[in-house]
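After this come two complexes, each holding chain A, first together with chain B and then together with chain C.
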Partner chain A sequence: MERPFAHLSVSARILVFLCLILLVSGVRQPARAQTTAEEYQVKGAFIFHFAQLVDWPAGALNSGSNSINLCIFDDEPGRQELQSTIEGKQVGARAIHVHLLSATQELQGCNILFLSRDESRRQTAILRGLRGIPVLMVGETSNFLSEGGMIRFHLVEGKIRFDINLGAADSSHLKISSRLLLLATSVTYGSDVGQGR
Partner chain B sequence: MRIRDISIRTNLALLILSASALAVVLASFGFAIYERQSYRASSVRELTALADTLGANTAASLAFNDQSTAKEMLGALKTEPHVLAACLYDNQGRIFVEYRNSSGPSKLVLPTRQPDGADFDHDSLALFRGVLLNGERTGTIALIFDLSDFRFRLFEYAKIAVLVLVLSVLITFLASSRLAGSIADPLIQLAAVAHRISTDKDYSVRAQIRTGGETGLLVDSFNDMLSQIESRERALKEALGSLQESEERYALAARGANDGLWDWNLATNEIYFSPRWNHMLGYATSETWSCPEQWFSHIHADDREQVRAEIAAHCEGKTPEFVSECRMRHKSGGYIWTLSRGIAIRDQSGTALRMAGSQTDITEGKIADPLTHLPNRLYFIDRLESAIETARQQGALFAVLFVDLDQFKMVNDSLGHAAGDELLIDVAGRLRTSIRTGSRLGGPAQSVVARIGGDEFAILLGHIRHDSDASIVASRILERLNEPFQFEGRSMFVSASIGIALSSTGSTAEELLRNADTAMYQAKTNGKARSEFFNEGMRERAVTRFEIETGLRKAIERQQLLVYYQPIISLRDDRIYAFEALIRWNHPERGLILPGEFIPVAEESEIIVLLGRWVLRESCRQMAEWQRSFPSLRPLTISVNVSTRQLSDARLIEDVKSALADSGLNPASLALEMTEGSIMQNAQQTLATLDRLRAMKVGLEIDDFGTGYSSLSYLQRLPFHILKIDRSFIREMAAGNGSLDIVKAILQLAHSLKLEVIAEGVETEQQLCMLRELDCNYVQGYFFSKPVDAVTAEKFFQDASDSGLISPASVMVPAGDFEE
Partner chain C sequence: MLAFTGHPTGFAQATDLTQKSIEDLMNINVTSVSKKEQKTSETAAAVFVISGEDIRRTGALNIPDLLRQVPGLDVAQIDGSQWAISARGFNGQYSNKLLVLNDGRTVYNTVFAGVLWDSQNVPLESIERIEVIRGPGAAVWGSNAVNGVINIITKSAGETQGGSVDAGAGDAVTGPETIRYGGKARGLGAYRVYAEGFQAGSLPTHAGLDGQDDWRLVHGGFRTDKSLSAKDSLTTEGDVAQGDAGALATVPVSLQPPVTATVALRNRYWDWNLLTRWKRTISPRSETSLQIYFDRTTRGDTTYSIDPNTFDIDFQHHVAWGSRQDIVWGLGSRQSADGTHPNLRISFTPQKRTTNLFSIYAQDEITILPDRLRLSVGARLEHNGYTGFDLEPSARLAWSLNSKNMVWSAVSGAVRTPARSDRDIRLNYYALPGSIETGYLPILVSFFGNPSEKNERLTAFEAGYRNNWTSSFSLDTAVFYNRYCNLESVEPGATAVEMNPSPPHLLIPTFYGNGMYGETHGAELFANWKAASHWTLSPGYAFLSMHLHTIASSLDISSAAGVEGGKPDHQAQLRSSVSLPKNLQWNVSAYFVNRIPAQSVPAYTRLDTGLTWRAGQRISISAVGQNLFSDHHLEYSGPNSTVLPGLMRRSAYAKISWSF
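Right, the complex of A and B next:
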């Protein structure tokens, strides 16, 4: 029974990929408008589970505040949904706090950084600037992983799935649980991002 | 067949078997339950571990909503054949992913999400566990586990249990039959022995069972018990034997002792009397009595209450034994004397339950006079009463003879009591033989000789045809007594006076005996040594005598007695020499009574002593008074009669002394008169008394000389100074029948003994002349004066005082009144 689905799934992936390109190039707005609220709630939940399955190196997390800081730029479209979903959630002994950023220089103190599709212009600079720093970078753009991001959301058959760049995580000394890796649609080991190293 | 009827052996085996079977079954059940519980617990444990592993693996899938990965994870359950299905639920309870075992039931319905925990169905287990992702619950996993395998295992266990049960029952059966046998066999044997003993009554049998423990103890105890029973049985038999022996011995002794036995059960009021008891009362041994009232009805009416009281007293514990003497009616109608003795058997509270004892015929000892062995007065009265009863019914005639010895007191006093006893024994024998030979018609039952007093005998003559039969017997008795009695080689002569009362003269025994006594008294009065029939006149005289006797006692107290005085004339100077004091009774109804009427009655009792004393004092007082009143006259003498009883009374001397002292009379002015008979009654003592009186200067005179029989030797020895010739000789002097010669002889004798003589009863001048010629000293009689009272007598003194001499001629009193 799964074979036809798997066959379909491959063709569906191609279709979704084409669609995404189209969306990014011109028809972003309607698509974005359609998915925003529900989509970012799910993504918020995903980010929370990521925080559960990722280990930060010693000293990376602020020992005084007992919190894990999720940084989102304040002009992000789904920031409110994200914030409402994730704010205050406990990960072990720590609670997740959402920080709304206005400038790049404010990245200091972030433990998780979510970059939406709208941040593609600043994406490269931000990713480059944070290379080697233990900040879990989660994004949505297609080149997010190749530019040094660690986890990228994408849609499969209408369902939100994710890919993982294990090399970027390694270089930032973040340890990603095998269980998270198991669930990733694809895991790259950073050969295409070797430039950064 | 009920359990209790089954033999002990089967019972024990059944008990052991059922106990062991029950134990195995219970153990199997317990084991099965435990096994089930532990199987379930281990299943839950295994399943929990499995669920946790799966949960850990699928937690992230749930978190990231990745069903395909989760499906792959659950697919790993293929290696667990007992997991029928698995299911993942999201936090909203919706089924996220499911898994079904291809070998399991195809139509398995997946359960809806349940709270965490195990949920047992009858052959499946559903376990719900939370799925946690780093402590955050992302969903629930459910595993359905197949428990049907356990049923198979349980079946296997059951097979083993049945096998064990069969084996254990077999083993316990073998073991228990041996065990039950070791317990039951000795008991069964013991029971058999006990049964045999109870049927054979052979206590020498012993249980021969060798066993230990409590059963052995039981057998030993059983045998010990048998030994005890056997020895006790033996002892009992011996005791019974000796008891029988002693009973026989006692019965023999009782028969030998002639005792009747009685045994009274107070509870049932039944009484047993031995054959001898019946025989004693004249009943045949076959006449059996069983009621105590029969006993009481045979007791003499006068004794019955006494016997009842004595029985009651003993029953109440007041007396240590019951002893009673009573008269019992013999079948023949008479009474026998019996002595009954008995002891009561009591219960613990002291209540008498039974009384037993003996009865002895003591008639012989009771009625017999120990000296003569004749029946006593009591028995005589008893027999007399039966004779009266018989006579009343048959109209028969019988007589009562009262026999009194005339000289018994003399024999007793002169020869001693031994002689008296010998005499009584001899008389008794003679009386017995007189009756026996005389009563051919009637046997001893009709005639009885009894001793009823000192020298008094009574004879019952039964069944006489005529009065003369009684007088014939009386004559024969007198005849027999005429033969002399021998005592210590001496011959004695005694006579008896017999009174005869015929049965027609009285209606009671006492009356008849009294009548016979009265007749005997009459015979004595009539001269002794004779018999008299009782008649009504005698009774009247007897009554008169009784009246006199009682009247005399009052007469002394009421001063109805008087002294009369008769002068005694001295023939020397024809003047009054003395007065004789003579007693008179001034009876309030009958007037003046002469002493002849009451002195004999008084002499039969002590009254004569009182009378004599009174006369003595009164006479002395009177004479002393006269002597004081007429001092110029010659002192006269007063003569006072002394009776036989007075003479033997020890107080006579004292009486005389006090009479003289109180009156102031000169002893020489007093003379005491006594008869020869009264002197002879107790000559030795009288002689001493007379000597003392004589020493006091009191004159002594022999009265009625010539009538009694006197001993001339005594006459010589006795200190008399005057002798009085009895009036019978004086009266007959002129008749020419020898009385004159006697008077003459007496006077000669007296004078030769230096005694003066008084002639009594001088009534004519002829007698006086003859006496003068015979040289008689003094005379007394109606010729001169009858006895006169003191006032008349005093006239003699006054006349004499006037004339200077006392002469009877001056007071010639016409004769006519009778002198004593």
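Right, the complex of A and C next:
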């Protein structure tokens, strides 16, 4: 009653199927570009949109220069991909300028700060230091929002999603557009609500 | 690891991503050499991912409670420390068709064939995500990934920097008390260390007795992640655990006089493991990984004693070939050795055994039509010490109809290989006094492994449909038809007089056989609906039907009905997650599980709820209530369980986390 070939025949059938598929696929031409891209390039493009959909309070952006400064730590993974995607891109009348940081004391002048998941050690101190200051803080560690960050990236099924901490943005007087809020996976009031006022 | 979609450099360099809308960006598959694993859900398989955020929000105390939210998974707590967890049928205390891996280390017990859930105690806040695949995954993960695979993946040490202290207490548990600290050290890279302890109280049995199944566990461990160069990274992790859990079990306690009694057992175990993984990124299109681990368990009570250990080495190469093929191949070798001590109830012949498993596997994901049609074909060739060579093939097709609709289908083969208990065990089940019919010889009913036990085989046909109607609603469905052969049966043997162990007695033996076959089919549905910006509703439903038969030569009259009826045919769930102002998060989960006819387990609805309050940046407080609908209910009463089942009580606990 044992059926030793039942299993093999299935694998044989799979092989035949595979060969057919390969034959068919060999004559097809690519239809359009693969929608796959390097994670930090896409994150850079997201940050570009964030810059468009966030309003800084009057005087927060340098009136002397025509740039929005995006600060990233020098040694972070993905820094180059992010920088090459976003450097020089125009947001209204201003161009995004990527400013590389090598130590925490250089944070003045940042309008946007991106902290990668490798920065969880520095993160707590940085986020605390920037509380109430109009710097859009974008990060990706799991506790980024609870520590006072504003927008946190996460991956869902290989696609980038983000969460927003509205309380942290409020207490830094950054206005996040409703369009961004609608696209966020979750919106929390964050832990700054009670403390900031 | 299941799916390797897209190509690391497949995207045209000239495209300016900032020209795309946010909605388009949200539809891009991201590739990142270090994060490939996160793309599992794009694959042509029934995948469900529990994220770290879900874990934090639900306030669950252990991994089995977290797994209840996976539609199609059958999770039943047996007593204070034991669970029966399976996908697509065949559930039991030792569910032998579900493979579980913890950071790449298989935790499937090679003696009892199954996962000992009381040993799977990763501190929950260290878990990055849990990926659950229903259906076979043997072509990638190897034998015993027959009905499902669960991958528990912990956060890298870089993501858990700083310290945290957690303390909890409730009417049924004390703890877990967890201390964790992460930092960076010269020469070591990022590291974290943790220690955790908890104690769970005993549950009542059906007869109203105290189950004496209280459970204590202390464990600790570490993980380091170090970048050796721009291309190389090294992860090392290890854990040590000591546990102690009670149970009531009906066992033969003596042959002279022959006595079978329900006794309180004390199961004690020591586990430790050490794993290291070296990853090298040769180029953005090519990456290798070499992983070595050692795992040892010593466990026993007065009825058994085992100490299996496993040494495993695995090499994997992932490479993009041309613009359309994404290949993963690898080889592995595993040595499982164990020692056992004979006992009146459970003994193994031979007492010690070492087996070797060799495997070689390859999977190629071919983009047939870019953005539209992907075919993934793969196979794993294994050689194990019991049954020799096995081929486990798989073909999966994923077809994106448009950006919102995707269908997939798959055909795969998988095997469940014999474990020590299938081949070598002797389990003295029942001892009773003789009568005039036996010539006053005492009677011993015993259960024997079968030295020629074969592989159980599955051929699975699956299909699924995923839909993202809008950004606030998504649907994931899967259907399957499984054909099994050589399923394990229990065959009666010839009654004989046995002299040893003394006194002389009448032996009524039964043996494992491979006399059962059958078909199962079912469907699993899951939806995620963002009803409002602060409110998410997640309904789920699973249906399962099993038809098992015995071959003509089999004399097994009970297994087919027992396995067929040993599952709920319908399971449904509804989960709600609400973000409230003042940093409050409120979760409610209701689970309906239909009756398990063969076990006389009535249908039940389980309601769990949790409220979490982030009180500032460093403190989080949560309160959880479980089983709120009824005073107590039974979840499992399977024939293969060695312990008396307990009743799940209504319970509550509170937990505070402080990070620094």
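Methods note: the second predicted complex is superposed on the first by the 153 of 197 C-alpha atoms of A that agree within 3 Å, B and C clash if a C-alpha of one lies under 4 Å from a C-alpha of the other, contacts with A are read in each partner's own complex, and residues count from 1 in each chain.
FYI, contacts are C-beta pairs under 8 Å (C-beta built on N, C-alpha and C of every residue); 3 or more make two chains touch, one makes a residue touch a chain.
All figures in this text were calculated on a predicted structure; none of them were measured in a lab.
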- [ ] Go through the superposed model and pick first if A:K159 touches only chain B, second if only chain C, both, or neither.
- [x] both
Open item on the list: With both complexes superposed on chain A, which partner does A:S146 reach: first (chain B), second (chain C), both or neither?
Closed with: second
Open item on the list: After the superposition on A, what does A:G92 contact: first (chain B), second (chain C), both or neither?
Closed with: first
TODO: Check the residue A:E38 against both partner chains and state whether it touches chain B (first), chain C (second), both, or neither.
DONE: second
- [ ] Name the contact category of A:G78: first (chain B only), second (chain C only), both, or neither.
- [x] second
Open item on the list: Applying the document's definition of touch, where does A:N62 land relative to chain B and chain C: first, second, both, or neither?
Closed with: neither
TODO: May I ask you to decide whether A:H49 touches chain B, chain C, both, or neither, giving the answer as first, second, both or neither?
DONE: both
Task: Per-residue contact with chain A, leading partner among chain C and chain B - done: C
Open item on the list: Looking at A:L182 after the superposition, I want to know if it touches chain B, chain C, both of them or none. Which is it: first, second, both, neither?
Closed with: both
Open item on the list: I'd like to check the shared interface: which positions of chain A are touched by both chain B and chain C across the two complexes?
Closed with: 42, 45-46, 49, 159, 161, 180, 182-183
- [ ] Can you check the complex and tell me which residues of chain A touch chain C?
- [x] 1-3, 6-8, 10-11, 14-15, 17-18, 21-22, 24-25, 28, 30-42, 44-46, 48-49, 77-78, 85-86, 89, 117-118, 120-121, 123-124, 128, 141-143, 146-148, 154-161, 180-184, 186-191, 193-195
Task: Of all residues in chain B, those that touch chain A in their complex - done: 57, 59-61, 63-66, 69, 133-136
Task: Complex interface listing, chain C residues touching chain A - done: 5-12, 15-18, 20-23, 25-32, 34-35, 38-42, 49, 51-53, 56, 128, 155-156, 158-162, 183-184, 190, 284, 323-324, 366-372, 375, 377, 379, 391, 393-395, 411, 413, 454, 457, 459, 471, 485-486, 514-515, 533-534, 536, 551-553, 579, 581-583, 614-617, 620, 659
Task: Parts of chain A lying in touch with chain B, wherever the complex brings them together - done: 42, 45-46, 49, 52-53, 91-92, 159, 161-162, 177, 179-180, 182-183
